[in-house]
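In what follows, chain A forms one complex with chain B and a second complex with chain C.
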Partner chain A sequence: MDEFQTGEEASFLVDEVSSIIKEAIEGAIGGNAYQHSKVNQWTTSVVEQTLSQLTKLGKPFKYIVTCVIMQKNGAGLHTASSCFWDNSSDGTCTVRWENKTMYCIVSAFGLAI
Partner chain B sequence: MEGGKKRQDKDTSKGKKTTQDASGTAPTEVKAKPRHRNTYRLEPRTKVRDDLVRDKAQAILTSKLQEATYDGASSPFLCASISEEILKAVKELDYDRYKYVVSVLIVEKANQAMIVASRCLWDVQRDTWVSAKCETDTFIALALVMACYYD
Partner chain C sequence: MAEQPFPGTAQVLAADNAEASPLRTTRRGSQPPARGSEDGKPPPLLSRRNSILSRRSSFGMVPGSRRPSWMLHRRVSFTGLPIFQPILKTRLENTYRMGPDKGCKFDAERVQRVLEGTLACALGTAAYSPQGSAPLAQSLTELLQNQAKEVVPPRYKLVCHVVLGQQGQQSLVVGSRGLWDPETDSFASATFSNVSLFAVATVYGVYFE
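Up next, the complex of A and B:
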């Protein structure tokens, strides 16, 4: 029975993904203060921008992008994630961003196909 | 002396191999991906059942957090341990050819507003996600479980 490896192995490059996420955040909520009416729109645009830039990389990956925007109020926030995957090909990148009125945490997970 | 690629009938398991240099220099790790025989199976044997996964995640959340109050020091550990427990429980359901990502958020209630959004680029017919929530007087806990099919 013939066996073959289809194509090159791509890997999840954390730095590349992290810069994509930072750009998306800056672009969407860069200089803004927290506004309840706009938050929905902001999260959507951060996530969609990140996802579309990741797709443009053209790697054989499935992506999951999660964005949490929270108003600054002195409250605590903890997030944890565990994953069951192949360590050599899959990866994750989380970017924490803040300004005077809000926190924004974006996590991107990439799973090789 | 190790070397070569392993042939395996099983669908999963990839490994890193360590090869020792003949001249006695430090061992270098060579990532050799084992080749698998074609199974000609395009679908998983059983697709992930949303409701079962949601029940498990919800049960773990409520059991661990029902009596707890938010505490800045202990919450990070609680968060991480819940995340690992949910992952273990979902793995026990034993769906073949699936990778999982479990994400847990614990937020203290302080009259602030928060929004959680996510988008995924995947195979809609085979991949799925569930979310479970647990709310008490002092905090809200949210668990997201995503299952992705992997050939």
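Up next, the complex of A and C:
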């Protein structure tokens, strides 16, 4: 009888992922002001850092990490996401971060395989 | 009766009384392991047990005290412990599939066309407003997801992400990266902008093994 029970270690833990994302953001753009020339590099490093830390957790998940960086200029911004998945095993975590010159919104989605 | 007894029946079987033994064998027969509905009629033997219980409870209970809810449901064993209905987990058959069928992969171009068309339809005449744009973004993701579901092959999980913002003099970068199987999984994205707002929509398709 095939009984592949998912144990405690194979669930998407929001707090853990949230702290990983915060560390990645602080590390990449922590004390910087918005610079158009560097934004591409920043998004790449935030996303790569988050993804590598998530991989190190060693869980049977596929990950998608999205990063939005916007300059503060008085304009409004909304993000939304909807997912077609298995509610019991998959999860998402979104972290909003800002400093004086820019907003950064990072979303991480984990889908169980 | 090759399968293991469920926790409920195990509890009952463990609480052994002298009078339980003749009933135990017949009870096993009357409680088939694969019971479909939770509201199945309790076997007739339970009624006898209930009458014993009610007598016991009238002795033991202080008048005016509250009975626990399970005692009122009449699904209790000899010892007064509740019998919980076993939660039946549906076991799906093994499909022996390692990947999607040939020609049944996530078609990024097709999904992108669908996204562009839907964005243009939905946001063609929309204007940005601080109160109205939040529910607009949410409804947009659901709409895009439903549209994408029709175009995407089966066994694919979808994540639909929408960024909706006011058109101003700012700049914005949206980046994403995924850890997945590049042969089966992919994404599609589309952008839309008018005088007062802009929108970036991305749909990721991940194959579910």
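One rule holds in what follows: the second predicted complex is superposed on the first by the 104 of 113 C-alpha atoms of A that agree within 3 Å, B and C clash if a C-alpha of one lies under 4 Å from a C-alpha of the other, contacts with A are read in each partner's own complex, and residues count from 1 in each chain.
In the analysis below, a contact is a pair of C-beta atoms (placed from the backbone, for glycine too) under 8 Å apart; a residue touches a chain by one contact, two chains touch by 3 or more.
These numbers come from a predicted model, not from an experiment.
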(message) After the overlay on chain A, what do you see for chain B versus chain C, clash or fit?
(response) clash
(request) Applying the touch criterion given at the start, work out whether A:Lys56 contacts chain B, chain C, both or neither, answering first, second, both or neither. (result) neither
(message) Quick check on the superposed pair: does A:Leu111 touch chain B, chain C, both, or neither? Answer first, second, both or neither.
(response) both
(request) May I ask you to decide whether A:Ser88 touches chain B, chain C, both, or neither, giving the answer as first, second, both or neither? (result) first
(message) Show me the chain A residues, by the header's touch rule, that chain B contacts in one structure and chain C contacts in the other.
(response) 36, 39-40, 43-44, 46-48, 51, 54-55, 62-86, 90, 92, 107, 109, 111, 113
(message) Which residues of chain A touch chain C once you look at their complex with the stated criterion?
(response) 2, 36, 39-40, 43-44, 46-48, 51, 54-55, 62-86, 90, 92, 107, 109, 111, 113
(message) For the complex, give me every residue of chain C touching chain A.
(response) 94, 128, 130, 133-134, 136-138, 140-142, 144-145, 149, 157-181, 185, 187, 202, 204, 206, 208-209
(request) Sort out for me which residues of chain A touch chain B in the complex. (result) 1, 3, 5, 9, 34, 36, 39-40, 43-44, 46-48, 51, 54-55, 62-86, 88, 90, 92, 107, 109, 111-113
(message) Which stretch or stretches of chain B touch chain A in the complex?
(response) 14, 16, 31, 33, 35-38, 70, 72, 75-76, 78-80, 82-84, 86-87, 90-91, 99-123, 127, 144, 146, 148, 150-151
